[in-house]
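Chain lettering (A, B, C, D and E) follows the sequence in which the chains are written, and residue indices restart at 1 in each chain.
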């Protein structure tokens, strides 16, 4: 199993990053920090999906003069392009909300906000 | 050689992620996060995914970081 | 013989339509009264028009729509249903007249008469339900429609009684629903039919527990002890409502439901193989005696009536649980007998309260001189409860005793006799008080209730006697009860 | 017009409508509302045509870009997708309802954006239920989630923003779980088309397949607010503007459940795992959800908060029905997805109209409102009776079916839980009805308020009428959905 | 305590994740389902039948164009959402969100000069990325982002009024909606001409049409992306 994981070091890396991100989301009190954590989680999933498309010795899937097989799988890349855009959209909205919450409450610490409710 | 490079990149990513968590200064955390994105971008370039790498550089390291900076500028700089 | 006919649905539909008009035009006193009475009359006419056919053995059926294959709304007027329908339609008309007089000084009359009419329309739906689902539907609707009537006063006490009422009856409804679901799973149908739809193949234990669930569900409204708690509390409602709850709609709906379960879901033959039915009989006997005992100690007139109701309803249950033709005759006939006697009582209580403001029994000294006609009606009803011959109550007790002997359970005859004694013990003192005790510092002038209160009372009392003496006249309720029994037992 | 073109139009029309709303409407709220209404009328027409078509010929597909699956994206319209009809109907009514409501409750400059987001939200839901591709499902899920978060916050109240943020964090995590699962499924099968995945999953390794299933279920159950993943719901649904609450409670949480049905379709067909463990978990969570939702609702004074908790209860019913995995349970659950949408929309829009007129939201403050707003409160009462599951309303048949499904699946105890859960629910609805009709007003001026304006009253009355009609004509949706459920369960192989 | 619990929970979570991952087809394998099922067709026939040498572009704009149609809708949604949250605040609270705060010390002349100098080059780069998306890495969104970044830079350094000249108020709403609208337009054209939404001409003789349609979409995405990113930035008050 260890050998298997060593070979799949990309997968292991994304799981570790996923957990770090989740830890940040759960334990951090500051809303912005929470959201950076969420972004780490997001990128870890992206890294995982990109890793699915990798093939040993593969090149970028751009045909044309000089390109030679094998090429990496283009599908995960296409998915993650979309994924990245979705992530930045979510981030923009979340940060806007954080700005408004700060304007209203004067703090962006989750526990202080909870007390205000 | 290539595997070593992979390993270094992943270690860097994890280090950056941990640093983001440890940094109390939000501005610093955002900058480190942008570095994290750039490392990721390098990794993807190396994995034969230049389109994604470019997007990550522009969006992840660029726009996202700018948005974080703006938000930090309009709220607080330090985490309690 | 089954005939497709629109009348079984027409009866509830017409009164539902009139109810809608009561709600819409009710702010005008004339139209409110017009539509209330109109609904009652129209329904009575429709129901009565089916009577000759029913006596000939015709069953009118109307399938309205299927929700899903096998589960739907259907209406079916057989002898048992007709009996219940006729009793409730007749009483509704009388009660409406009484309510118009009684409610005059009250608030929120539109709501009152609207829901009042709705209740009795729903009762007809219960009577004519073709399947268990339709029965459940109207049973639950009845619960909801009576709620605004119970809390009519809007006092904290009334709200509390309303909550209690809902808690009991809705839990009961939930049991009925559960029972229906399991019945459907076991039998594949919910249609109420003569030999019953369940069979022994489902297993004795399952059938026993299903029976317990269904009886518990309907037993809440039928106020079998220990499920009777809501009934005395609900006395805070205005008197016509109490009359409706206790004599016509609600409690009888429960009792009727139990009859349907015994005769049309399980069937007599199946139940004879199950031990649980005799437990039901014992429970009914216990309720008869315990209800009477508690009634003796009630000073509030309406509360005494309430416990009397608890006791009387179990006559119906006991009669049905005996599983003999005579017992069934008694059970069905008692639906009418108890209803007319009890409604007389309630009308009397209401008249006294409206005319003199008195609600406690010890205040009634000498009332017989002030309100002679009202108290005469009371006397008739009291004699009926005691079971004096030539009154309706005697017929029930006579047939119930015959049924007990027929089934070889003679000890129920002793229960009957004991119950008569107990009834005497709490009805006769009132008569003594009314006629033989001089009121303290009050005149003995005649001061009767106003006509809209008095005439319905007298009419009901008359009916009590009529039911007691006309058992052999064809076309009257008792013959219908006998027709129902013949149908149930396939004779 | 071919069916596949109509199917594409179902998504494209509201999408184009949404992006054009700022152009057409500008900052004029009434103009934006008119435009949104127009868009929804057209969309509803398309949806109706599609539902009729699927009833006639059965499931059909549209291949986008002309690429046959699995190479391109497939839109698949089956009986479950018929929920587009209810989405369009509620969307249309919510838009009409918003005409007066938005003008009254929202900051004026945000009104145009409000309609844009409303349309985007509907687009997201429509796409979500008709797509046949897992990644496309994710994209539409994001459209509907993002617009949902913003709609919760749009009133600009402090509480609204905090509720929206809570919703956003949980929603974003759940979306990630779904994306993760999509990655796993892709790694196992190399495909993103649902039918193709289902076909190719059979030989796959069990552990990743199970992980993907767990992640998908968890992610979707966050969206569906199943206990204990419900914490975001009460605040978000109670604080959002009422038409939005109606959409969120009626539809958006349901997309989580419809997504779950898609997951079932994939996994039942693949036969790679024994799903009975998952089903057991779902049934139990459903039962707990019913009880907990009802329990918390009893203590709510705020009428919309109460409705929000009642949504959690009802989600419990549906999840329980799905988890029972018996014919009746599944049919009941699916139809309850439709019916609960109707009922909850009636209730939320009704509550919105009352709040609009009186300005009060607490049951105590609202005493006596039944006398001044008879039609609105009557509609709410119909909704209340319906949600409790009284016959002959829409709620009854579903509960009947789910309970029957419990008995059929050999777990009558869940039937008992369900029936008594309904009683629990009754307790708090009776409180509401009491305060409307049978209690003396705390604020005498409440007797003077006017009945809701027509643009609000008409949608409410239509919905209330549908609650009754769907109860009486219950066999139509039931028999409509039956072949789909039979197909789904038939693939289990007994 | 909370941290320790969280870490314990995460370790428990990581175990099944890692186990499941170890059962996946190995990383980099050329025989995995992902590499043998659909992607071979894309890699082999993509450039001919889909119109771009960059197969990723083929996938996002042609094979799975509908996803990208959804994606641009997501960004548009995000703009609408940001507007909904930040526009002018509570009712009656008409205080503009961006107060004309005292200008912080303006950037030095050197910085301003460099930005002015950089402008044309960055624009050119962005355009290059956009229109070369089908033969090289990059494409509409990446180019649009670069351009958006330029707008942000100009806003920060030269002030918003200068930056806004790049997006005249009259057409700004159209620009922001450009990406989804381009998709819908091309899609409906495909529906009308070839019977399927987002269908591209398949005929070999029409290869140039195919490529130019791709480019139209890329430009639409680029313009829309840039407009939306800068609008979000402005709305979040990044110019202060």
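Quick notes on this structure:
The rule is simple: a contact is a pair of C-beta atoms (placed from the backbone, for glycine too) under 8 Å apart; a residue touches a chain by one contact, two chains touch by 3 or more.
Owing to the predicted nature of the structure, the values given are computational and were not obtained by experimental measurement.
Grouping the chains by touch while chain D is set aside gives A, B, E | C. Any chain touching chain B that also touches chain C would appear here, but none does.
Note on connectivity: the fewest steps through touching chains from chain B to chain D is 2. Of all chains, the one whose CA centroid is most distant from that of chain B is C. Geometrically, the chain at the heart of the complex, using CA-atom means, is D.
The most distant chain from chain E, with centres taken as the mean of CA atoms, is C. For the pair chain C and chain D, the distance between C-alpha centroids works out to 44 Å. Averaging C-alpha coordinates per chain places the centre of chain D 30 Å away from that of chain E. In whole angstrom, the spacing between the mean C-alpha positions of chain A and chain D is 29.
Note: centroid distance chain A to chain C, computed from Cα atoms, is 70 Å.
Each of residues 135, 139, 142, 146, 149-150, 153, 156, 161, 164, 186-187, 192 in chain D touches at least two other chains.
Touching of two or more other chains is recorded for residues 17, 19, 21, 24, 32, 34-35, 38-39, 42, 54, 56, 64, 67, 70-71, 74, 77-78, 81-82, 85, 89, 137, 141, 232, 236-237 of chain E.
Under the contact rule stated at the top, the pairs of chains that touch are A-B, A-D, A-E, B-E, C-D, D-E. Contact residues on chain D toward chain A in their complex (touch as defined above): 135, 139, 142, 146, 149-150, 153, 156, 158-159, 161-162, 164-165, 168-169, 172-173, 175-176, 179-180, 182-183, 186-187, 192. Chain C contributes residues 65-69, 71-73, 111, 133, 136-137, 140-141, 144, 147-148, 151, 154, 159, 162-163, 166, 170-171, 174, 177-178, 181-182, 184-185 to its touches with chain D in the complex.
By the touch criterion given at the top, residues 50-51, 53-55, 58-59, 62-63, 66-67, 70-71, 73-74 of chain B touch chain E in their complex. Residue ranges on chain A touching chain E, taken from their complex, read 1, 4-5, 7-12, 15-16, 18-19, 22-23, 26-27, 51-56, 58, 60-64, 69-71, 73-79, 81-82, 85-86, 88-90, 92-93, 95-97, 99-100, 103. Here chain A touches chain D in the complex through residues 18, 22, 25, 31, 34-35, 38, 41-42, 45, 48-49, 52, 75-76, 79, 82-83, 86, 89-90, 93-94, 97-98, 100-101, 104-105, 113, 117, going by the rule given at the top.
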